[in-house]
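What follows is a single structure, and I will ask about it in a moment.
Going by the order they are written in, the chains are A, B, C, D, E and F; count residues from 1 in each one.
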């Protein structure tokens, strides 16, 4: 990729909504500089339809992604994997060039 | 069944429930955005809490109230205890048995609302402490289920270790209790109840046009939405299976009869007895599943949620309410 | 125009509509979240349905009602039929012509609401079956449009095959009819109408504070939102072009005059006549576009939606309602 | 403090505020979806605008009104001017000082609502022009802040250029004014006020069940939501620091006392005086932060937003309202 | 990419909201193991602004993505391409490492 | 990547909600053929938690992405970088194969 961005990993996690806080704390503990949340997504996986009812969060998913370096990405994916043994979710890792404001270069 | 059945079924809110089921079954694109569902359900909790609280402020708890509440809490622990062995007869996943048992120990606020409109219309009174009972039946049922699940887990560890990888990292009981007591819907109901009790007659007057006046309209929307959801869950019915569907229909009757006996022997008033039966006979599809999903991830939420919402809830609305009323009115001579 | 115009324009709901237009035009960041828009529009449909249904329960359909309803259904088929050739005069994309024709055959519920408040305020009565007419005018208009589009499609296949790649894989009529009859807004109105009719006076009383009391306030929000949307569509106006804008202004008058003649010759009552004109003169920007987008993907939704919403709707609110009223009151001697 | 404090604190809406704080502090998952918050706040603005507007239509502005409004506008410019140097004592980032100053020059509509219910309950009257004052205090405060920030910016350019890269590309004043005057919440209030004034007694009657009847209920939801938000901001409190928290508590009192003196010397009526003090003593966490974030990006929104919402707002609700009332009632001999 | 994930394709589809069900059935028929839906996005394309009105779905978009293997990805993109000849939409394919729970390894 | 799509760049920008219009006009001026908006996301970065309050947009983020060629992607990322010096945000660039309807081939 050719851009003036920094080569990083994008770790996207779909998780059942009530476990989002757990994923956030996994990311925080792994030392990410930030994350972005898509608070309300729905879907289907091997646990069946998770189509979102308004009156319960049980069948809602949330999505969160972080841009981070490879080592942290690995740490997160290992922790998150444990979580999705028990709770609905999937972990996706891809390459991304990230453009930060100058004073953020150090991250 | 007689005219009472119709009395219950022929009101706009209940008809909107059936309409919702119908609409989803014929594949319409009618949708209620989740934010609105949240509005309607928070509204319901506020309205019922304020109503119960202000009623309590007027009449106090009294000894009658204490007895009813005590019986309610007791039943919310007993129902899971005797439901679990029944469920084990057929269920291989014992976590499912624990989770389902928990839902039936707890209550459905909407069934309670429908039932209380029903008897209010018939001119029958009941105590403000019935809402307190409603509130207090949630947590014990959850605790029972978690205890059951913990037993299953410890047995599993001692047994074959095949499934161990999937086993949940045992959540500390403290965390689970925290979830159970701080669940949003649970708190909203408690908070409104307390606020109603504290502000009393003044509070009632201030809130009346909101929590009273437009209540039937908001309930219509909420039940429309419930109807849509119930119909959506019907496609999961094959996963639920005959045994569990049967459980979802028979259990409310069994629970209802037990509740009726207790109410009779303890000398409840007719209105209190009827609503006590409703509480015991109904099952939770909001608060309990939210906590149980967290606390017993090994259980399949499709089962317990679908049973409580798509089997027992409509059963109670259509058959249960007039049936329990019939029973009560025969015995209490209403 | 006289004081009646002001009567119509100087109510909070209508003023909120203009306010919405103004707000968007000056580039404010005022937004109504989609979930709320959904709430306001479902509410409107519920309110109007309950009102019409309970009115019908009180007075029945009667022969008068049957005649009005019959005329309404007839007009919803005729309007597309004579609009289509007019539109062909200038439109190259015949799918657009079919889609636009369909919107004008159908109706705008909000225009109906505004018009019925207008005459209610003037003390003029109308039958509950007017809402039935409103409901029944939707599907025929859609069917006509689909038939027109099917004709265009078959011609196209026989003609040059240049555009074939883009051609829609002909959707089976059955699927389209399903969409037309199960469209959410359509069903919500029908459902509420039926529930109103079934529950009658009891239902009316139960729902009144919700569907009646707070109606003007909810309508204010809904019209504020409509105003915002209308103004947002104004930027598409250049795509619409002079011809179609003209169509959007002249057609309601033409349709209105035809409807007036029919009402006169069939001896409608004054209120019924006025609302019949409103129905025929208004155009749909909710239910019909939703189905037509699906059924005639070759047509550009920006055209038909923008015309119905941003041209004809405000025209009817500002000019149409007082104008049609003037005409009716001269002839009926109101 | 005496019974008046309790009078203010023991109503359902205020109790729901505390309940919201409590709920969030114990870590519950209770959430109000953003779309609903929007509904409640737009509703509040509509209700307060309609109420003020229809009151004005009945009684007119009058000379009294002009004087009150003039004083209000003056104070909205003065407060930022004397707050800024106070803030500079400790704040290194002068943009923060400008932004905070702006919030305190402006007003909190919810504090105004709570205060006006408070005195209405005590049977004290006030003029419809108080809402006009509320409206007119927003923009001047913003303009002052932007002027202050512009001064800082031009100094910075002349000074060291270390931070220049981060410096905002100076937004033209015209754009900022546009933002200030077209801010959605601002316009909603103005629009409702004008619509109320235009439709007068008729408008009031039409809107009453919505903007009046269910008001306390909607306010309860809104304040519940505010409580949740206030508690969420508490974790930012350590960033705010002791100096600014102190400012958030002392400044309302200082502003209140200055406002009281003005009201006294200009001979305001008791109700007007009380609400004038409330306006001057309260700080904006809705309209002003929205514009200031845009206009002064160098300032940290966590500071000014958190101070206005999580420090000054609860302070005014709990302590300020009864305190200012006490002061007013002693002096005006109420 | 270096992670313990499985190399897969991510197929993202933006489509007008009322056609989402059609895209879901395309995916189901192609044999995906699951998908995630972002129910309400807006946008602009060659069909103009689709900015989302609350009272009609006509101008709303939805977004859906699936993680799948290359063959299925191709099948989906071919089917979806036909759909977007007539309805607003765009199909995006990229590489992704996916971490599944262990018992999902077989997908 | 092997698909029948066109190789393009995906530029994703997370930005504070009130600045979304600015990002849109940056994209428009750079000459993109379209974009997709996720109107309401939340997150955390070096400017702290942006968790979204209903009654103010100050702490809301929005997300937008465009599929475009490398040159335009670079232009956008340069402009957007200036914006995120002052306003919360991050710019992400990655590779993507895009399948357009046939008559869109020219973009």
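Remarks
One rule holds in what follows: a residue touches a chain if its C-beta (ideal position, glycine included) is under 8 Å from a C-beta of that chain, and two chains touch if they have at least 3 such contacts.
Please read these numbers as outputs of a predicted model, since none were measured by experiment.
Counting steps between touching chains, the shortest path from subunit A to subunit C takes 2.
Considering every other chain in turn, the ones in contact with both subunit B and subunit E prove to be A, C. Separation of subunit C from subunit E in touch steps, taking the shortest path, is 1.
Distance from the centre of subunit D peaks at E, each centre being the average of the chain's Cα atoms.
For the self-contact between subunit C and subunit D, the two sides draw on mostly distinct residue numbers; the shared fraction is below half. Separation between the centroids of subunit B and subunit C, computed from CA atoms only, is 42 Å.
Work out the mean CA point of subunit A and of subunit E, and you get 18 Å between them. Multi-chain contact residues of subunit C (touching two or more other chains) are listed as 29, 32-36, 38-39, 165-166, 209, 213-214, 290. Within subunit A, residues 18, 38, 40, 52, 57, 85, 94-95, 101-103 each touch two or more of the remaining chains.
Across the interface of their complex, subunit A is touched by residues 32-38, 41, 165-166, 168-169, 225-226, 229, 232, 236, 239, 285-286, 289-290, 293-294, 297-298, 301-302, 305 of subunit B.
By the touch criterion given at the top, residues 33-35, 38-39, 42, 46, 50, 178, 182-185, 187-188, 191, 194-196, 198-199, 202-203, 206-207, 209-211, 213-214, 290 of subunit C touch subunit B in their complex. Subunit F contributes residues 1-5, 10, 33-39, 67, 94-104, 107 to its touches with subunit E in the complex.
On the subunit E side of its complex with subunit C, the touching residues are 16, 18-19, 40, 48-49, 51-60, 82, 85-87. Note for the complex: subunit E touches subunit F at residues 9, 14, 38, 40-46, 52, 61, 63, 70, 73-74, 77-78, 80-81, 84-85, 90-95.
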